[in-house]
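Some notes on the structure that comes next.
Chain nomenclature is as follows: A, B, C and D, assigned in order of appearance, with residue numbering initiated at 1 for each chain independently.
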Amino acid sequence: MKVGVIGLGYWGPNLVRNFLAQPEVDKVIGCDLQESRLAMIKRKFPGADTTNDYKALLKSDVDAIVIATPVDTHYKFAKESLEAGKHIWVEKPFTATSDQAKELIDIADSKDLKIFVDHTFIYTGAVRKIKDLIRAGELGEIKYFDSVRINLGLFQHDVNVIWDLAPHDLSIMHYLLEDKKVVGVAANGIANYYDLENVAHLSVYFDNNCFAHFHVNWTSPVKIRRMILGGDKKMLVFNDMENFEKIKVYDSGVEMESTEKIHEALIQYRIGDMYSPKVVQTEALNLGAMEFINSIKENRVPLTSGYDGLKVVKILEASDESIKNKGKFVAIND
Amino acid sequence: MKVGVIGLGYWGPNLVRNFLAQPEVDKVIGCDLQESRLAMIKRKFPGADTTNDYKALLKSDVDAIVIATPVDTHYKFAKESLEAGKHIWVEKPFTATSDQAKELIDIADSKDLKIFVDHTFIYTGAVRKIKDLIRAGELGEIKYFDSVRINLGLFQHDVNVIWDLAPHDLSIMHYLLEDKKVVGVAANGIANYYDLENVAHLSVYFDNNCFAHFHVNWTSPVKIRRMILGGDKKMLVFNDMENFEKIKVYDSGVEMESTEKIHEALIQYRIGDMYSPKVVQTEALNLGAMEFINSIKENRVPLTSGYDGLKVVKILEASDESIKNKGKFVAIND
Amino acid sequence: MKVGVIGLGYWGPNLVRNFLAQPEVDKVIGCDLQESRLAMIKRKFPGADTTNDYKALLKSDVDAIVIATPVDTHYKFAKESLEAGKHIWVEKPFTATSDQAKELIDIADSKDLKIFVDHTFIYTGAVRKIKDLIRAGELGEIKYFDSVRINLGLFQHDVNVIWDLAPHDLSIMHYLLEDKKVVGVAANGIANYYDLENVAHLSVYFDNNCFAHFHVNWTSPVKIRRMILGGDKKMLVFNDMENFEKIKVYDSGVEMESTEKIHEALIQYRIGDMYSPKVVQTEALNLGAMEFINSIKENRVPLTSGYDGLKVVKILEASDESIKNKGKFVAIND
Amino acid sequence: MKVGVIGLGYWGPNLVRNFLAQPEVDKVIGCDLQESRLAMIKRKFPGADTTNDYKALLKSDVDAIVIATPVDTHYKFAKESLEAGKHIWVEKPFTATSDQAKELIDIADSKDLKIFVDHTFIYTGAVRKIKDLIRAGELGEIKYFDSVRINLGLFQHDVNVIWDLAPHDLSIMHYLLEDKKVVGVAANGIANYYDLENVAHLSVYFDNNCFAHFHVNWTSPVKIRRMILGGDKKMLVFNDMENFEKIKVYDSGVEMESTEKIHEALIQYRIGDMYSPKVVQTEALNLGAMEFINSIKENRVPLTSGYDGLKVVKILEASDESIKNKGKFVAIND
């Protein structure tokens, strides 16, 4: 298999490195307009080829194109790649609009090509372990999902903090709560420095007794990456800043003796043991690359496909409308 | 000075104890309908008197009435107390509606009586230290205020989690950001167990480049009580779960070279030293009682007055309208 | 049952309060030479009697004497109490020398009286839970026991930091490792301020493949209270500064394929799950008082008896000899 | 400058990488007996040469030899390198005995060659910052130095846990307390699995009111790397497991009103502010390589020289004698 990587900025070199390490991949060609980036790739990865001509790359015999360019160019490169008959890997968020996402999905479907959206966190040991726990019924029914991802981070010039940081957490939410249906969102926040929000809060409503919230911030003095999942059996905290005990499962919860007597103090809480399962530490990007390659070889939908990318983009798109209207509820048809 | 305490439930005994400890207070009379509560007070505080007749208490020569009953009875007891010529201390939240609060303020003003609302946190060493830092200009202009108060806590039967937990944080916000004007709120959340929300997010909009958010939850497996204040000079984190380093001031922030070049990556962040000022540990309730007594003696508005109580109630009231409408923005006229 | 408490300083009032709360106790008499301490007891505990004459107290009909005076007076009060036919409760450390401890044990045995030594930590939920885990074989054979108890604490005038802080941890060690035999100790440290050590390290040697170490310090800027128990099956960390997850059990350890191939890298380590059992929060002092009373009623040796007190004193005594000789090993005959 | 690296095991590749990155270095030649290690170096660092013949390497025109082999071979390779006229870089600990260290120092001195011992931590931002604080008098006189370095780590086959882990901390101690004279050591511990200790405690005595202690353990379920420095002005905690606040300086301490009244409770403690200075994050190994190269160019003693290596080896050597004799004090002549 031959793979072309378009966009050799911050993330591109990692992609080149990972595809070079795949046994099924014979050749990796890096593509960028900046000669300095091409030179860096040549120096770091003597085994890789480079080009500054993406049109030529699309005409070559590469099997797949990896797109690691700014969000607003995803659609253009993705469309041309699909039309050239290439499978595509697209960095998150998938596209700048849901219409673009739908069109790309249609093209890929009609040509039997694969779209892989790089929702990297789905391939981490921690998220896979949480999925296992939910599948095994450990947590029971999830009542709420709370996510915080804040730090002192680089501002993006083209998108606000929701578009930059929330896709990670939204993709995790969709993966973990795949049986639940999103019905709409509300977003609040502030743009303290220029016209794009640097602090934001995103509420996601589901159709049946579940609620999710995402707090993202580029201007926090402390770095927090934490999720809380409130199950009706157990509750789980995923603290991604911990080196060792990333996941904690609490055998704690709310006990309700009877719904009739709600006004007579029959809601109690229970505190029990906690345990922290071992989390496998393998590079998520490597597992992602394997999944992409396998989905092509086995001709099947990858775990993080264009459909998953579309779901996230729909929420991001709705969040824009909401945050510009001080948190107005915006419905989503999934 | 003589003080009557109406309501001897969870918090009442602490109030009896604190007023007994004030040198200016000669007599404390506890009042409750339940004889078992009166007996408990007699046993624990042999120096206190008790009665089950609040009407008689109001007719007696007590100078002040302390009201520690459920929220929806605050108005009734407060009004009768004021009409009987007594100064009043009311537990938070002040009243169940802003109209009640306004009426009480009017009565007190017309009779030159004091209303003290027990926003206890204003009297803690930590909040006073943060106020000092802001007053001294250490943080610069506050750009955002973020508060989290979650744990596995007792459900209230009469109010949702915002009314139960957020008054603490809203009173701190008003105290710390006293120069800023609230223009409206949006609230999201879910009621997983009965008709009152157990998870909620409250956004508060200001009129000029500032934003606040409050996350409250009765059903979190972990207990978090943390505030982040993003100043344009420094940033502050107040972690009330820490025993020793409750306040951390970060000499970190966002640097913007020029607003013109916003789209050319000129927003940088800066990370500098951190310091944690020593926090005085005195019982907040004692300081509150002293402030109440002194405001009466000196015939002045107390630090946490009916006006402060009203500001909080206005937000709580608006949050109800918003949360029932999936986060609809509700304007507030301060 | 009637109980006299001699010594109403820092800890005495807690003892008065706890014995007053025991249903079997009809009367508690506090005894101290300072009238101000007696007045404080009268004020706080109207149900208690007081006296400044301990000789009269010993002649009265009290059943038991609780001794909460400085260490070097324990022997005198304990001996007179036993000779007056009273059961005794003695604060830790039991006595100033092991000879004193042995003599008191002999007197008590000859008169069929009970000696209770207040090794309070044995009655905490955390230590009892750890004992349960060890009894159930969860940790396997304990290979090492490591204890740290450091903070910025009050200097004692009569004893060094080992005598002040280590008795807690030594009593826990004896309780948890009751099947293991101590053979000797070595102690190192420094007296930075006057002739009594403020930093010290105490090593305890056992007769069979086990080792314990105690780090105590009155001059640490941070407060640490942590024990690590290295079992050959699992390992346990007890962090007493945590409010919620005091005990963590790690399914981690050292794996040795064969002792022959030791020099060929066959020692591996294994990291598995961790769990944190729920710890019951009841006041240890109350459970201690109940155990003392029950041991008298049931005429049996209490859980923390004079024998346990003696074991701790032997180690403290040996530590004195060792630390004055820069860590010389001092043998102990248990 | 040309550099040869002997020993391409765990650490060797990092050394090759770092010397390749130095502008003054034209050529790096890796040397190992195992062909697989040479192949790995060729693959990872196409710019490096390799050889399996160290004798030939010593005869070549390389200027310096980097020795990253097991401890007991350091002397042999170092001696031959010096005799061949090469400057040497030796991994820690410098040698297996102090006599070896002295002989190497003599040879280097007589031939005007440099010995650099790789006490890497001296080149970290955190240790350099602590040194700056001490130099500036921030902490005052250091009264005690307490170090903990424990985790679940790989057993070494040739040396015990003191020789493996303590050199890091001993070198830091010597660097930070360079004005203080070590007079002797005492070591305690246990070898639970084979004849080399896996848990150890090392006490270091100084000649004047200062004391240091080192706790090292290969079999701890938790990873702790922490130092406490008790100064008579301020106290410092260096927690190397923290990502952000590695150093905390506490304006806390012990206050003594008068030494006469020591027995009348005049020792108080004071708790003040804490601050955490920003720590520069540059790779220590790179700074070390620069220092080695500069010491050669400038013909001066490097910051971490053979003399520093010798000081550490003397303590390690003495610790062996002490630990085999249950903590017997072993004097050291510095």
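For the reader, a short list of remarks on this structure follows.
Here is the rule we go by: a contact is a pair of C-beta atoms (placed from the backbone, for glycine too) under 8 Å apart; a residue touches a chain by one contact, two chains touch by 3 or more.
Not measured: the values here are computed from a predicted model.
Of the two chain pairs considered here, A-D and B-D, the higher C-beta contact count falls to B-D.
Averaging Cα atoms per chain gives one point for each, and the point farthest from that of subunit D is the centre of B. Remark: subunit B and subunit D have CA centroids separated by 53 Å (rounded to whole angstrom).
Remark: subunit A and subunit D have CA centroids separated by 43 Å (rounded to whole angstrom). Averaged C-alpha coordinates put the centre of subunit A at 39 Å from the centre of subunit B. Multi-chain contact residues, meaning those touching two or more other chains, occur in subunit D at positions 222, 271, 274.
Residue ranges of subunit A in contact with subunit D, taken from their complex: 46, 222-223, 241, 243-244.
Across the complex, subunit C meets subunit A through its residues 245, 271-278. Per the touch definition, subunit C reaches subunit D in the complex via residues 143-144, 146, 152-155, 157, 184, 186, 188-190, 192-194, 198-199, 201, 203, 205, 209-211, 213, 215, 217-222, 228, 230, 235-237, 248, 250, 252-254, 256, 259, 262-265, 267, 269, 271, 274, 322, 325-329.
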